[in-house]
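Just below is one structure, and these are the notes that go with it.
We call the chains A, B, C and D, going by the order they appear; numbering starts again at 1 in every chain.
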Amino acid sequence: MKLINFEFLKLRKKSRGWLGPILVFILIMTAFPLTVEILNKNLEQAFFSILWIATLLVMMLATEDIFLEDYNDGSLEQMAIKYDSLSGLVATKIFVYWVLIGIPISLIGALYGFGITRSSESALQILPILLITTYIFLNVFSFGNALSLTKGSILGTLITMPLVLPLLVVLGKVVIAINLGISFLGFLFLLLGILSIIILILPMIISFVIKAHLE
Amino acid sequence: MFNFAFDSIGEAFMMQSANGQYHGIYVWSVVFIVLTSLLVTFFIYKRKIRNIGKKIK
Amino acid sequence: MIKKFIHQFASPKTYLFQVDRAYPYIFYASLFVYIGSLFWGLFLTSEDFVQGNSYRIIYLHVPASFISQSLYLAMAFASAIFLIWKVKLSAYLVKSIAPIGAVTTFIALVSGSIWGIPTWGTWWAWDARIISTLILFIMYLGLISLHDSFTDYEKADKFLAILVIVGSVNIPIIKMSVEWWSTLHQTASITVTEKPAIDASMLYPLFGSIIGFSGIVFCLVILSSKLQILLREKNKSWVKDYV
Amino acid sequence: MKKILAADNLCYSINETKLFQGLSFDLFEGKAIHVLGGNGSGKTSLLKIISGLSKPTRGSITKSNKKNVCFVGHKNALKQYLTVEDNLSLLEVDKHNDINAFLKKLELSKLLDVMVASLSYGQQKKLALLRLFLNDSDLLVLDEPCVGLDRKSQDILCSFLREQKEEKKALIFSSHISLDVDSEYINLDKAIS
């Protein structure tokens, strides 16, 4: 429990860490209508794809120094010694990042959804989808970040992009389901299933990778 | 077993299909690309092994 | 007990000598089979009713895309062995297969898109199978760049093995994407389950080219693993008298 | 005399270059070991192996209590953008009863709400050493503890280490500056047989 407070303290005080990605998300979402002219017919259609890509990009930015900063100032070493398995620590870190970055972004995304598609029930529908997808993206990208800890984050994203693309296929299907108006609960549970697997497995792999880095 | 699909070398090169299209260009370009990339990879590895061999001696 | 057996059997030294002995035979045999079946496929089989002669690219495209995926599975298998039993040789194998996989996937991509021009009218179609092959190509490049960015070989091998295993989740998704998205791409002409979708006379050269192509790729893997072993063990004594 | 640590036939090599080989030693409570060796002779790697961060290429290390290790490395593991007080709570030493005594002794008590980034390197090092002063583990592993410390702080450190030795704590450290703490010596330069 105190681990969560520590991580909250660390991230909350570093406004660049959590505020930055959210502002970038807002920027992308407001810039998107500018690129498409006013006629709203295809604005709605393009909105969802822009939303997924924006979430993807912002999650990439958010996890840039999730482990790097602790690695550089040595606190990762101390944690590795104090806690036997790092996966608990990694899971808490990702959870804190999700709370401070993932949730605001999903809310803002739903708000934009409401703004553009002007149908509150579609905005409410994509909110849970966004919440789950941001968490999955966070896990996968922090895995990429952990792999390329000292080598700069471009390598990290290059490695994890292929792993995330199948997820975009699922999101594409969700968009089709929403546009046709049919219930997309099936996809919601599919995403939940993916999330539950990832939450269990990835922190363990990440802690193994970090321990290898610290050697 | 040897019933040639084409009756001359020239035609084998052009590979004209029933619908009149000349598919030879596509087929032969693919053959060319595949064989050259295989050869280039072989050559690169042979040369690298030779260099590392010299370096070890 | 297994660990001792694996370490004793899979030591780079014995591997290198055995491979050297077997290499020429495998190379010439597979070269002969490949060229033979290509010749058979390109010239002797009759024209396809629908696609005309452009279907002959199947003898180049299908082996490449089949090998590129099985190379990835071979890497996943070797990295599992490396992570579980710390067998050095399997780490070398994983590192040496990656560039070869990239080459074969490149061949599959190029031949697939060129084949697309006459049949689908465009050289690039947003279709699940092509995109998954492109993803595979990017993953191979990612693997190579990950390994090259570390000076310490031990760490590089460990991370490479982990990324390969995590990445192998994507392979079944490639398979699934064909049915689930069911767009342009023709369903696989050879599936282990149902009867092949193409005529028998075209099928035998296809088998021949697959076997021949995998033989040649296998020789490439042997060459690249020789390079890896020499690179990694260069200050060992036996390497000096081997070279 | 409880044996805190036993190492036999330790070898460690990176990329086929051997750092040290066949190293065996025991560490009892109340004893100290001073690790000597030139730059790049593997001092830090040995200390990392002892603290459990990395595993030796060959040989083994047995510790009486695996988790009870206090490791002080080159990096002082402080958050630059947080205040001293926050860092203390991160180091989980803020509720320790004699925290104020040590803060006064190291002249840090006045800087509690100052950002760590604005402290000098020496002050940051002293703050990091608080993790050592207020710990309750019975194996202390120090990697160059005196780097960046002024004369006065070094004396505080040495007297503290002597105290810890009386309290039956095991000590292993590497340092270019000679600490007047009587200890056995391990020279890594000679260990590459």
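Following the convention adopted for this analysis, a residue touches a chain if its C-beta (ideal position, glycine included) is under 8 Å from a C-beta of that chain, and two chains touch if they have at least 3 such contacts.
For clarity, every value in this text was computed on a predicted model and none was experimentally measured.
Looking at which of A-D and C-D shares more C-beta pairs in contact, the answer is the pair A-D.
Averaging Cα coordinates per chain places chain A and chain D 38 Å apart.
The distance from the centre of chain C to the centre of chain D, each centre being the mean of the chain's C-alpha atoms, comes to 50 Å. In this assembly, the C-alpha centroid of chain A lies 46 Å from the C-alpha centroid of chain B.
Taking each chain's centre as the mean of its C-alpha atoms, chain B lies 18 Å from chain C.
Looking at chain A, residues 215 sit in touch with two or more other chains. Of all possible chain pairings, those that touch are A-C, A-D, B-C, C-D. On the side of chain A, the complex with chain D involves touching residues 2, 6, 9-10, 13-14, 72-75, 77-78, 80-82, 84, 211, 214-215. Across the interface of their complex, chain D is touched by residues 151-154, 232-233, 235-236 of chain C. Interface residues of chain B facing chain C in the complex, by the touch rule stated above, are 1-6, 12, 15-19, 21, 23-24, 26-27, 29-31, 33-34, 37-38, 41-42, 45-46, 48-49, 52-53, 55-57. By the touch rule above, chain C contacts chain A in their complex via residues 131, 135-136, 138-139, 141-143, 145-146, 149-150, 155, 158-159, 162-163, 166-167, 169-170, 173, 177, 180-181.
Contacts from chain D toward chain C in the complex involve residues 14-16.
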